[in-house]
Each structure stands twice: as structure tokens, then as C-alpha cells.
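For reference, the structures are reproduced in the following blocks.
Shared between the two complexes below is chain A, which pairs with chain B and chain C, respectively.
On to the complex of A and B.
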């Protein structure tokens, strides 16, 4: 009982922090818009300048929502992978999802030569990239899942995922070698990740898949807790190991796949946020950790995006650079502390 | 260690040769220079040889490269013996940039081209024909030319470009006894300066007179166009470039495109920015500044309003989109789909300028048919 109140207090604090971060994220950007106009616009009033109105509602707001979905989605995926593989270094990308997505995008951008007319426009559009990334991610993920069916040992799946990663990286370097500077730039920009170019339609797609994945996740919260005790122990507790594993892989694949498709391979969030969360909330109960990880993931992503926008300057940083600046020191710190991190 | 040593040795050698040059040339005659606009090159005409000085072979170069050009049917003059000698006219050449192809064609020297990396990028028709009938050989990737094929072709010189003073590939080619000339035309700051590099090819092929004539005509037409543009009564505002992901790439204030826009008597909204390359700005910023721009010139790879809209909904909010005042350089494509503008524009700055004037001040050039710049479909 005591525990529960302390958790709800923490959740209230986290919720307030999240709201604060959303507001800060909305009010800071390259263009200096006074806070008053932000509030006016958000409450449905017309602000002083018509193009501010557009910037806030059509650019910053979708970006903030994307940041929340991406941050929480990747963090949840990371947590699931760390639980499933019982390995603190697992992340959403260990299944080869990001390599698959990268392969899809590389094939589209680098492989489709810039010279095949009508495809060019498509290759440069959001939907084109998202589709290519999803197909690639799905392709590699299903290959890993097929292999996983035959392999009993979860650790082997981890290694197989990594192997698929190197395999696709090799194909990408062959493609990259034969492409023009322009095409390479396109591809490299995609790998930097970005949050700011999604329209409302794309956000709708992202949200629907996000909700489906999270609902699926709720069906396996209990078995996940037992998994922490080890696979054999979980089986003895009556957990259907295969089903749990498959749902976990499916949820991670869906979440990471769709996020990577729309915003590029965003590094470190999925790896670092679960650790950060477990430092703040000292429990392994997924009922509590999953929502906490989601909120903290969203907060970290919003903060990273605010930094990436370099408020009031004309320039921006790639989001991946900022998240890694956050992530890397945390991982190092954890390793140095040699804390038991599962 | 090796990698550090080599440039040091190279630069030492360069230093020594530079000193030599000065000593030996104390007693030399008057000379005439051939160059008016270009900052990265000088061609000095001496009585029995020509001195070709590449002042900016690569970005931020501190030392220039000097070559002495002596006709094949004459003896090498004593005072330059032992220096970097190139015998002209060149009969077999390899170039590495498509922008050099039109220059060869203008000089009637496309037949001297024996090899090129990435043949599929060539669009110029005469040269394309030579590619089709197999007289120009594929050399692979421009950053990693197939050395064996190159050696087999035995060109007299390779005209390359480099990002720094050390380029492993070119060093290897030079080891095999083929001279490599680093062309720095892409580093020029003005359109006319860049076009003037046709004289670089002119002097190599012993056709400096033709090159000068071609350039003078370009210069004359360019200057005339500037005068015409000056008579315009309005100075419309210009937006340029497109988004990729959330970064908007647009020409910096000291870039080529900005120079064209200035010469066309328009008001480019980012004309005051520093830099010769491109600016990478945030959408918000471009939107606030450029939403009401009159014209949108250079929409990247997009050649229709539909493509723009599909690529990003935000584009539709710009006045230049709503009023259909958006123009692209990418309409005209070569046989293989390469955009002609990229290949031809450096040697046709007068056409680019007139195209922009025709868009911004249509009343000034009645009857003029734009070549590169066309309205989006």
C-alpha cells in the first residue's frame, strides 16, 4: 500500500514534467514566438501573426506528438528486448529491425538510380521512405522470427539478429559504393533521424499502430514479470513461453518498425531510457515500469528535440546526434557503477 | 605514419620546385595573362611556352600548382627544363566531371576523351554518341577510378578534382607516369569566373584562341543581360531550395545561385547570409521569411506542383506555390535522365541569368525562350 502511494506520487510528478516539456518544446524553435501567442494559438484563438499560427499548429505540434510517440515507443521496445533477452545491452534494434529498415531505404534511395524519372519524386517523399523502411524492417524481422522458431535459446536469437545486422550493413555499403553524392546525402540524412516532417495523416498511421502494439503488450504483462526470473522458472510458473516470446517480438517489431519508418533509426533512446527508469523507479514489475518507461522516453525525446532545434538560431542539429549525446554517457555511467542492471 | 609522411614529402618537393622556378625565371620576358575573372587559375603566355597556374586546386589551398605547356613540335626552352612540362596539344585525355564535357564539345575536342568514370551520367549529345559507339571507356567510380583500365587507355593527362592536397588515387596514377591536373573550377566564386575555365581546356588543346572567343561571347551576353535586368522597375523577392526531411537546403548569400539572383536584379531573401555553399535551415525559419516570397526559383528535383505537395504538405502554404510562381532547373534531362542544368550551366551562365530575368521580369526579354528554368507542371 505504501509502495503504491509512492508510485502514484512519482507518476504525478512525471506527468507534470511531461506536460512542462511539451509546453517548452512547443514554445522554443528557430522562430522566436512569444509564449502568449503559443497559448493563444493552442486555446483556439488567432495569434498575432498568421504564419505563427501555421508554424505552431502544423509544424511544432505534430513534431511534439511525433517526439512523444517515438520516445515512448522506442523505450518500451527497448525494455521488452532487455526483459526477453535478459541482457542489459539489448535494445529495440537488436532484432535487425533498424538494419532491415536501413536496407529498405538504401535500396530505394541508392538502388533506384536517380535517373528513373517518376520514381524520383516517390523516393524522396515521406510515404515512399516509410514504405521502404517498413518493408525492409518486416522482411528482416520475419527472417529472424523464422529462425527463432527453430532456435530454442533466446540468446541465439540475439546473436542471429546481430548477424542479420552485419549482413544488411554489407549490402548497404555495396549500394553506397555505386551511388552518386546526392543519393548518398539522401541516405545519410535519413540515418540522422528526424521528427519534424510528419503531417497529420502520417501521425494518424503512427498512432494507430502504436495503440495496437501497446494493447497487445498489455496481454503479456504478467508473463513478462515471470520471464525476469529465467525461462525455466517462467515455464514452471505456467507461462506459455513461445506465445509470450512471439508477442514480445511482434510488439517490438511493429513499434520499432513503424517508428523507424517514419523518423529514421533513432539511436540510444531504446537502450538508455529503460535503465534510466529503473534508477528512478526501483521495481521490475512491468505494470509499473512500462508506463514509467513510456513517460520518461517521451520526456527525453522532447528535451532532445528542443535541444536539437537550437532555439532562436537558424540551424538545427540532427536528432540522432542529440539522443546519443544523452545516451552514451548514461550507458558508460551504468557500466562504471557496475550495478546489477536488469 | 606513411600517410602523414607522404604529403610532407610532396609539399617539400613542391617547395623546392617552386624555388627553382623563381630562380630560373629571373631573366624571363614580359608575358600576357589570359584570365580576367577566374580567381583560381592564371594562364601566362610567354614567347615559346605557356605557364598554367592552378591557384586553387582544392579548397583552401595555400600553394598553387604550376605547369609549363610547350607545343609538341617545339623544343623545351632551357629556362624551364626539368619543371612540370606538359606537351600540347593533348590528344588523349580523361576528365572526371560531367561539367567538363560541354567545354570539350565547345572546343570540338570530345574525340580526345578516351575514358570517364560513371559514363551513365554524361548527357551532352555529341559525347553521348561516342559513349554509345564505344570510343569512350568506363572507368568506374569517380572516387576510385579503375587504375588498370586507365593505364591501358594511356591518356596523356587526367583532369581530376580533389578535396585536399593529398589524394591517394591521383598519387597512384601519377606514379604510373600519367600527369594529373587538378581542376578547381568548382571553387570559383562567380559564374563568369567559372565559365572562364574553358581557357584551361583551350590552352591544353592548343586552342586558347577559340576558348577566348567562346568566353568573350559568353561574357558579352552575360554583361548585356545584367544591364537589361537593371532597367527593371520591380525587385521581386525570391525563395529557393527545398526541404529534405526537416532541413531546408538553400543557396548561401555568397554562392553562385545568389550571384545569379543578384545579377538578375531580384531580391533573394537570404542574400545577406555568409558562405559560398548552401545553408541548412529549419523549416520554421524559411517559412517565416519566405512564405510571401513572389517567386520560388529552383525547387530541387521536383518538377511539378503535385510532386511538391506529395513530398511535403508544408510547401502548399507558400505564396509562390499557391500563385503557381515556382520554377525548376530540372525539367530538361539528357538521354540517360541526367539533369542537363548540372552539366551545362557552368559553361552557359548567360543562359541561366537570362532564364531568371525572364521569370522575374518577363517584360524585359520579350520573345526569349528560357532554356533551363521552367515553371513547374
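On to the complex of A and C.
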């Protein structure tokens, strides 16, 4: 209705903010590159120094695009889970789905020594990692879904998610105990989370899977809206609940799995961003919330990455540490607040 | 007198209850009843007798145990969710989960069986919503969030949502529970008006005996052993209503159509 104009205004503002964050993200880093050269490079002109050109196109730009895909993907995942579980505390990390992806990767990286040599090459290929992480994510997500069917209580599902997290952590510890120092180091670095490890090829894979997931998501926007009334009302409105649930699982599993494989388990973005979005855009209509969540997720991830780089210093913080510093207080605030909005 | 065509719902030897892996719990067996077009029917009975179970089974929210439910000449189980959504709308007892939905958005969701893949509202949809808002008299609250409403307002909104779904049958499970007297009467009068003016078939499970006796066209009285159905006046006259809640505590007063507490 008359809200439409205020929504488009908000989207324009968010778009401008996103653009600004991309530019800031590109211009800050361990090497000080003038803003003018950044713009020159991006618009296709040769900048003053060739190594600046290289840094921007082969390092900073891929990293910024990864941040956008990771931030928006995880946030969409979180939103879908919050609607599906009708639970404001649902999210890929809290429900243990990221842990599931970690288990997949750990099994591949740490457990691969037990298999024959031909598998080793596959294990360390990015496709192998993405596949393992997705399978792990699906596995835990299905398990949580099964339990959530019996347990309706918000807090119980949260605790069950944490238990799944501990359970996978325990399996990973056992795997780690039996693996070599090299493998262990590789795994541990992966868990720190990083947006900077992706080349253009990996970004292409990530983008394709991202586009597939989001296209699938658009087919269930309508049933997701009716699920806001609860399952029985949704069914009475003609929703095919099983199909909707399966597509939601597929989309969240795929997004979380692939993103986690490439960038490591990144905490709290999927949980915190949907809430942040619903504070800014006060609607539950998925037609509006999904794009808003995607943009805000991208912005938050770009900002987190900019902070993680500690501009003008040689050091880089693990991205996971930054997102946790930002996300954990939001969860505490949510629990303290009385009314919980899905 | 009654042609079979006027039956919207007809059940044959219907058994309702709950089935788990190990055992089957029957709530009621051998239910044979019919629901006719355009009537207001109230289901009355004690707590736990199976009013809600019957309602849930007839609306396909819960599977039947055995027997047959025929809706418009077709077995209920052969009708898809999407098709059923255009024939029957529900007002349930369950609370809707918290969200940012406004009253208007909530009512608009009732148009989902008719909207396109993304749920865009056409002019016709907007018209249905406008009419339902007028019929339920909730113009003042349409831009409020649903969690800001009182129980009475929310119930009217849920009825508006059901109206927008444009179905022949509307079923309501205890629509006036938790409401004060004023709101109870208002809701019942609204439902009566909808069945009279729009020829909606309305099926209500309720504990509001005095309101039901005054407003319902027909009653379904659920006892431990069977379900008595018939016109309200007939069931009052042949003392079926009086027997339904018969105990040492109350007697039914035919004149005032009320149960009166016995005084020793």
C-alpha cells in the first residue's frame, strides 16, 4: 500500500550504503593506495603503479565480492531458518549447521589419510571441500529438523543446536587426534574463517551456486509468507508444506555449506542480520525482507572485513573473531528483550 | 425434503481420534452427519468430548481413522490442499507466531489460494480485502501490527482473513474463548450475519450454550456415545439439549433457553 514508497526509499539508501562500503573496503588495506587510483583501476584505466593494479584486481576486489556473497548468503540462510522454525534464535551457526559443514570439511581434510592416494587430490580441491561441507550441513540440518518436529519450545531447539555443535566438535577432536600436524594446521586455519582465499575461479563456483539457491528461494516466497501464520494456517491456505520445507532445507544447506567450505565457519551473521533488518524495515513480508536482508548482510560483512584488515597495519584479524564480537551481543540483547520477533 | 445436493459435507461411519505407532485412540466412532449449505451450526459438548478433533478431521488438519468424509460429492482425501483452500477456511485456536505482520498483510494472506506465484495482489484481491474489512468492522486497526490487538480484535481479524479466502465453508474452533461477554456476542452476531447475508456455511465448536441456542440454525450435540444433530428448536423441544449437560448441579430452563444452577 502506501508503504511502498518508504520501502523504495529505504532500498535506495541501503544501495548507496552498500556502494560506499564496497569503495571503503577496496581502499583500505595493508598497502596504502590512494582512492583516485582505486577508481581508476575499477573503471579500466591503468593506474600509477602496476602492483597497485594487481593488488586491487587480484586481491581486494575478489575479497570484496566474496564478502558480499558470504554476508548476504548467510543472512538469507538465517532468515529462512527463523521463518521455518518460527524461532527468532535460529540461524546457521546457532543451530549447528555451520558445525555440520565443519564436520564435513574435517572428515575430508583430517580423515583423508585413511583413504587411498587418489582421494587426496580431490580432498583439497575446492569442489571437494564444497561438497563435503554441503553434505555435512544437510546432515545436521535434517537432524535438527527431525528433533524440532517433536520439540516446539524455542529454548530447547536452541540448546539442541548447541548440542549438535558440541557433538560435531567432539568428532572433529577425535579426527584431529589421529591426523598429522600438517593436516591439522590446514584445518585450524580454515576454521579461523577467511574471505581472502578465493580466486576468480572459486568466486565463479560460489556465484553459480548462490544464484541457483536464490532462484529456488524465489519459488517459495509465497508459502514462506503464509508460514508466518503457523503451519496449520499455511496448509489451510493451500501450501504444500513438505515441498516448502524441502526447498528451504535445500537452499539453506546449499548456501551455508558452500559458503562455509570456501570461507570457513563464520559466526553470528546468519542470526544477527535478519534481526537488524527487521529493526530497520518493519515488515515480515519475505518479498521485501529477503532482498533487504541480502543487502544488509553484504554491508555488515564488508564492514567486518574492513575492520578485520586493521587498515594500514601488517596484521589481519580472523574474520570470525570480528563477526562474533558483533553478533554475540545481539543474541544476548535478543534473549533479554521480552518480545521476540521472527 | 432435503436433496442430497444441498449437503456440502456428508460423513459415513466416520471414526476420529489419534493414531500413533503403537496404538489408536478413538475419540468418537460411527459418525454419520450432514452439513447443509448456508446454515450456522454449533458443535456443543463437554470438554474433551472431541469437538475440536471432529472439526480438525472435517477440515483435513488431522487424518481420520476410518469411514468417509464427502465434500461437495468428492472424498475429502482426494482433494488437494490448494483446491481445499478455495472451499474451506479456518479460524483455529492456536496463536499465530510473532512477526511483524500488520492486520492488513495478515488479512491479505487469505488471498493466497488465488494469487500468482509471488503472491501479488490484483485489483480483485484488494476489493475482497476491502469488503472483508468493512464486513468485520475493523477499519480502525488495519495498519496496526497483529501483536498490538486485543483478543477480540484479533478474532475479528482472523474472521476477516477467512472471509477473504472466499470459501463456502468457514469453520471456527472456539472463536470466543478468552473473550468478554460483549466481544462474545459481537463475534456470534457477526457470524450469524455472515451466514444470513452471504449464505456462508459456518461451523463453530463452542462452549457458549446460551448464544448457540439463540443464534445457531442447527446443533451438533456430542455425547459420550453418539452425536445428535438437528434443528436448534427441535433439539431443545425434545430435551436433547437438557440431557447434554445433565447433572445434579444444573437444570435446563426451556423458557429462557438457559441452564440454571440448582439451589437446594
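By definition in this document, the second predicted complex is superposed on the first by the 274 of 342 C-alpha atoms of A that agree within 3 Å, B and C clash if a C-alpha of one lies under 4 Å from a C-alpha of the other, contacts with A are read in each partner's own complex, and residues count from 1 in each chain.
Definition applied: contacts are C-beta pairs under 8 Å (C-beta built on N, C-alpha and C of every residue); 3 or more make two chains touch, one makes a residue touch a chain.
Predicted model only: the values in this text are computed from it and were never measured.
S.K.: I'd like to know which partner A:99 touches here: chain B for first, chain C for second, both or neither.
M.R.: Neither chain B nor chain C is touched by A:99.
S.K.: Which partner does A:277 reach: the first (chain B), the second (chain C), both, or neither?
M.R.: In the superposition, A:277 touches no partner, neither chain B nor chain C.
S.K.: Identify the partner contact of A:195: answer first if only chain B is touched, second if only chain C is, both if each is, neither if none is.
M.R.: First partner only.
S.K.: With both complexes superposed on chain A, which partner does A:66 reach: first (chain B), second (chain C), both or neither?
M.R.: Neither chain B nor chain C is touched by A:66.
S.K.: On chain A, which partner touches more residues: chain B or chain C?
M.R.: B
S.K.: Could you say whether A:238 touches chain B, chain C, both of them, or neither, answering first, second, both or neither?
M.R.: second
S.K.: Can you list the chain B residues touching chain A in their complex?
M.R.: 118, 120-121, 141, 243-247, 279-285, 287-288, 291, 301-302, 304, 307, 310-314, 317, 336-338
S.K.: Spell out the residues on chain C that touch chain A in their complex, using ranges where they run on.
M.R.: Touch residues, chain C against chain A: 59, 61, 80-86, 88-90, 92, 94, 96-102, 104-106, 109-110, 112-113, 115, 117-119, 147, 165.
S.K.: Would you tell me which residues of chain A are touching chain C in their complex?
M.R.: 1, 86, 88, 218-219, 221-222, 225-226, 228-230, 232-233, 235-240, 278, 282-285, 287, 339-342
S.K.: Going by the contact rule at the top, pick out the chain A residues touching chain B in the complex.
M.R.: My answer: residues 29-31, 51-52, 54-55, 58-60, 113-117, 120-121, 124-127, 177-178, 180, 185-186, 189-190, 192, 194-197, 199, 264, 309, 314-316.
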